[in-house]
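Working notes for the structure below.
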Amino acid sequence: MSNVFGDQFRVMTFGESHCRAVGAVIDGCPPRLALSEADIQPQLDRRRPGQSALSTPRQEADQVTILSGVENGLTLGTPIGLMVCNRDQRPGDYKEMGTIPRPSHADYTYQMKYGIRASSGGGRSSARETVGRVAAGAVAEHILRLKWDVEIVAWVSQVGEIICAEADYSELKRSHVDKNDIRCPDPAVAERMTRLVSDVKEARDSIGGVISCVCRNVPAGWGDPVFGKLEAMLAQAMLSIPATHGFEIGSGFQAARMRGSGHNDAFVQKGNRLGTVTNHSGGVQGGISNGEPVVFRVAFKPPATIGQEQQTADFEGNETTLAAKGRHDPCVVPRAVPVVETMAALVLVDAALKQQMSASMFPGTE
Amino acid sequence: MSNVFGDQFRVMTFGESHCRAVGAVIDGCPPRLALSEADIQPQLDRRRPGQSALSTPRQEADQVTILSGVENGLTLGTPIGLMVCNRDQRPGDYKEMGTIPRPSHADYTYQMKYGIRASSGGGRSSARETVGRVAAGAVAEHILRLKWDVEIVAWVSQVGEIICAEADYSELKRSHVDKNDIRCPDPAVAERMTRLVSDVKEARDSIGGVISCVCRNVPAGWGDPVFGKLEAMLAQAMLSIPATHGFEIGSGFQAARMRGSGHNDAFVQKGNRLGTVTNHSGGVQGGISNGEPVVFRVAFKPPATIGQEQQTADFEGNETTLAAKGRHDPCVVPRAVPVVETMAALVLVDAALKQQMSASMFPGTE
Amino acid sequence: MSNVFGDQFRVMTFGESHCRAVGAVIDGCPPRLALSEADIQPQLDRRRPGQSALSTPRQEADQVTILSGVENGLTLGTPIGLMVCNRDQRPGDYKEMGTIPRPSHADYTYQMKYGIRASSGGGRSSARETVGRVAAGAVAEHILRLKWDVEIVAWVSQVGEIICAEADYSELKRSHVDKNDIRCPDPAVAERMTRLVSDVKEARDSIGGVISCVCRNVPAGWGDPVFGKLEAMLAQAMLSIPATHGFEIGSGFQAARMRGSGHNDAFVQKGNRLGTVTNHSGGVQGGISNGEPVVFRVAFKPPATIGQEQQTADFEGNETTLAAKGRHDPCVVPRAVPVVETMAALVLVDAALKQQMSASMFPGTE
Amino acid sequence: MSNVFGDQFRVMTFGESHCRAVGAVIDGCPPRLALSEADIQPQLDRRRPGQSALSTPRQEADQVTILSGVENGLTLGTPIGLMVCNRDQRPGDYKEMGTIPRPSHADYTYQMKYGIRASSGGGRSSARETVGRVAAGAVAEHILRLKWDVEIVAWVSQVGEIICAEADYSELKRSHVDKNDIRCPDPAVAERMTRLVSDVKEARDSIGGVISCVCRNVPAGWGDPVFGKLEAMLAQAMLSIPATHGFEIGSGFQAARMRGSGHNDAFVQKGNRLGTVTNHSGGVQGGISNGEPVVFRVAFKPPATIGQEQQTADFEGNETTLAAKGRHDPCVVPRAVPVVETMAALVLVDAALKQQMSASMFPGTE
């Protein structure tokens, strides 16, 4: 019951690693939006495995097909079915894992929850599940860009101990991020990160990282108080991405060390709107966007599936060792960049549609 | 549209700082649960302002009344109405803020969203909003304790730069946490924290902090894959608490620095269940609880309302200064401890009820 | 989990017959709406028991209190808490029913569902449950009237075999309906109905009836295709009212007897819009309003609680007789008139808010 | 936003008349259910056009493909993607309707709502939309049958003025219903109905009808009070089927004519449960099933698309005539029989899963 995201722009995703297809259905996409597969494919291509030496060699063309909801290049206001066929399936690689749950993977918890699990590759816990989200998120982004000129750019800001100092994100573009395979906009840092990932891969190990994300041109007024705070929805969205362990907005955990006098974002006139001098709030105050860039960071753990031999126990509790074969990424953050952007887009479009409605009802007092 | 939390155990909260009452209605509480106001009042008392010199002197008895859904000491399965009357109202204190939005507070964003805002005290962005949650959360906790013996304990683990080294949380109880006003179980650290908050208060400033939380005896199998992952729901729940800026589960942001070989939680037989040697996963794998303690941390910013004079702008964009009068906490974390526990309880009870249903349908393969 | 109605204008109701209070919380009411208790009280007064010799003598003032969400006469956009205290409680009247489930009442099914039931008076199956709805519905109606000039008028069109020929409803007002206690706008028919209800009451029996309802000035475009069709939502709404057994829109069951050539509503220009010559569609085509009046009918069964002695069985299956004491209406339709209007208003305001959002997104092709 | 049905067993459907595919995704199907395409195909075959001379000659094989959620013949607990490709598309047939909205069809209202509409054949208002529901409903039925032995049988009980006297439905099976093309279990009545439909078709006209439905072996306790009453959910479900105009449960509109003394269903011991002597309640009391058969009736209007020339207006308001070409059913009720069963199954499985959860929480008082 948890394969649906969003209230107004509602996405239901489907598909495992080794079934016929993965995809999503969008319910609530406004009518009369110009849309074709070409608007969706680029983010799928950025998410796709096999793009570089840094990622799993699993080969998937990941061509999206629009099944419904679009006619003559315009959305009808009806559900948009999006499908990507699975092609490269090697369940054989995962055979041993049938009796030994991979440490820190979902094999054990799926078995405990469902009393059954996909025979291989992790089922819905596989990164393959994110294909449907990314397809739907591309539609969300498309709306945000056309209607409000919102720009969402995520990048790799940390791999292991290597950190990319928070650059000025006011002009950062995806083209800067995509200049290298690791997706870090600072070329020198990117090179060090790349070398680290190669070393880790060589050692049949894996490594964690952090993705930072900025959403520019988000108007003031998006997000709902209390349980639907913009940062709360972003937190849910980001922690729903496989392998994530943390989320922070604006000053994040650093805020715990600060005093109000240093942390408060003073107001100042910026053109024809009220802005803030600093942005410790990360663009959100009281759960509602304030017109400044929405900025957040997401922590990813090192992938659980590693080639090194690990001491562990099988489902029966017997001590054993496991050395994963299969295909797997030594570090997920480069490929997770479009997934972070996707989830941000799904959160923002939902908030935008809600505010669109509320704002138009009764004249304001100002 | 964001004042509802949960799917099965669904809570709708209501109330601002200065209206007649705050409260909540619970839809979906199972029938035949022994329940009275005495099961709810203790957490409200722990959340209540005016408990110590560290918090706002606003005086509220915060006595809860059960309006409906309980008869002869048992729940009926019908909605449980919970109400706490507002008593101590001093809207005068907030007058100046009518023209000057408080920096890093929600005055500006509420105005931009709604074109109107509660005349004083922040409306639904006020900490007073959390009364309804805590009342409902106490019912959730009560169910979790009776049915599954789940224990949820949160504590202050950081104030400013003062950090309480992650103690062994396997035996930590609320009684340990409540031994001091700052709610840090390590007495020496608590004393340093208390002194820091006093200094900050003296300086008419405020300070941030971190709350850690452990949920023990959560059975394996709670939480839904994909968008309803247990950590995703916890992240939304925690970031919905006023003044929060970050959430991390298990190894959290530290995971970004680690390698899989060091991060993976090896399985090992523990009594009659499979457990893990380490708990970097924080009790959750693939979005589903694995039977280990669920452990997470929440970052709080320093409260925005401070007595110090701040340079800022009014709603018209004119430069001005603001020095808040009113009543406010120099540090929210001590009073936020029961709110963190509340939100954890609301997430867990919802996951528990869902799993209760699914597990009973068709016989498993084991 | 079924005490919530609506997606955008979401109402959660609470309260049984004999608890402290009944009421509702509205989540999603737009901000800046002028609102006071005086906008809500009139419909509660029309629903109230004890209005005439035709209804139950239970005495309840049913004064509504706005607990939250309104300040200085304007809605804040935050949840609106609405409460009506219960006063006249005579649980003693219902004692016998503790062991004998009333035939065609909910005593038995509540016991089977919950393993417990409100000690008296039917709990949430009592007509008292509708107080919360009517309070919330009055707010919905208020919005519809202010923003779109929508007028909703329901009336008693049948009691037993006495039928009020479908009058021209284009000008019918509540003032016409309220001219008599039975709430039938045709005075001659009303008199016959009133006499019938008196006779039935005399015989300690009860009688069924039909309520018709028209919603004028509903603009074209409200209602969503497929599961959220306007008529589907109206059907759910109406069948959620206690004692209802049927719903029909436009030509209703009569449509089964007709041919398309006679049933189709031909289009014709009406002022500056396209209208239809006939209105067999009841103002809705394909689930979406077409600008014609929305017209429907709701069937009510005779109340189950009657004073006559009935042969039945107790909870243990033993044969017995039951003659209800307590207070009860011999015919519910007069008092159900505002409840039907309420549910229509809740459906329409939800559809209106949804369309408000969708319509404003991308420019149309016309 | 209205293409989702159900809370626990949640179905999202997609697809228009002339897009690539129609289908559904099920979120919340329990794991470990034996399921294959063979469990789904039969109901799709019964719904399929072109089965007899009575229906549209549109030819569609309507072969369902399970895209995801099933492995080795068992459900995984993950979303089940169901797809049926569209094949026989003749948009040319609908060209004239581009400028003239078909009377009583959804052409006009879709245009008013969306500012765009599917170029032909009615988009989501087409009966083709029901393919996705029927596929998902077959899975729901499969669960109900395996777990609770629930049997759902619908049949044509009226076409035009020809009525099939309510037969004893306690033993009625689908095999009886399918003995003739009109799907009326009484062979003599069926023949008269068939002749009537042939005559109507000959006259290039259409005719309405009624479908009756019985759900046997529904245990007591399903359905939620207030807005989620079992009859309310059935009413929404049935009125969401294209061309429906009315719903009644048990005694239905006839109840309006009756007295309580004659209408009340007296309790009586039946084997090891309490049953009722009569079933005017239609198996539901207070919104909750009572263990008796759930019985209801659904009214269908005559199809709007007819070959006869009709006087009407075009979108610009100019008077004109329209004679539909295209393919269309003269009477929808025979093909709507499996759709009614489908929607009943979707309502029941959702209620069943909810009760499954609630019932297992705290021990009852009996």
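So that you can tell them apart, the chains are marked A, B, C and D in the order they are listed, and the count of residues begins at 1 in each.
Note that in this section contacts are C-beta pairs under 8 Å (C-beta built on N, C-alpha and C of every residue); 3 or more make two chains touch, one makes a residue touch a chain.
Since the model is a prediction, treat every value here as computed from it, not as a measurement.
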(message) From the C-alpha centres, identify the chain that is farthest from subunit A.
(response) C
(request) Give the chain pair, either C-D or B-D, that is connected by more C-beta contacts. (result) C-D
(request) Measure off the straight-line distance from the CA centroid of subunit B to the CA centroid of subunit D, and report it in whole Å. (result) 45
(request) Please work out the Cα centroid separation of subunit B and subunit C, and write it as a whole number of Å. (result) 39
(request) Report, in whole Å, the distance between the mean C-alpha point of subunit C and the mean C-alpha point of subunit D. (result) 25
(request) Could you check subunit C for residues that touch two or more other chains and list them? (result) 1-4, 7-8, 13, 31-32, 74, 77-78, 113-116, 123-124, 225, 354, 358, 363-365
(message) List the residues on subunit A that touch subunit B in their complex, please.
(response) 1-5, 7, 13, 101, 103-106, 108-116, 122-125, 129, 158-161, 200, 205-210, 220-229, 231-240, 242, 244-253, 255-261, 263-269, 274, 276, 280-282, 284-291, 299-306, 308, 310-315, 317-319, 354-355, 358-359, 363-366
(message) List the residues on subunit B that touch subunit D in their complex, please.
(response) 7-8, 30-33, 74, 77-78, 143, 146-147, 225, 353-354, 356-358, 360-365
(request) Could you please specify the touching residues of subunit D with respect to subunit A in the complex? (result) 1-4, 7-8, 10, 12-16, 18-23, 25, 27-28, 31-32, 65-72, 74, 76-81, 83, 113-119, 123-124
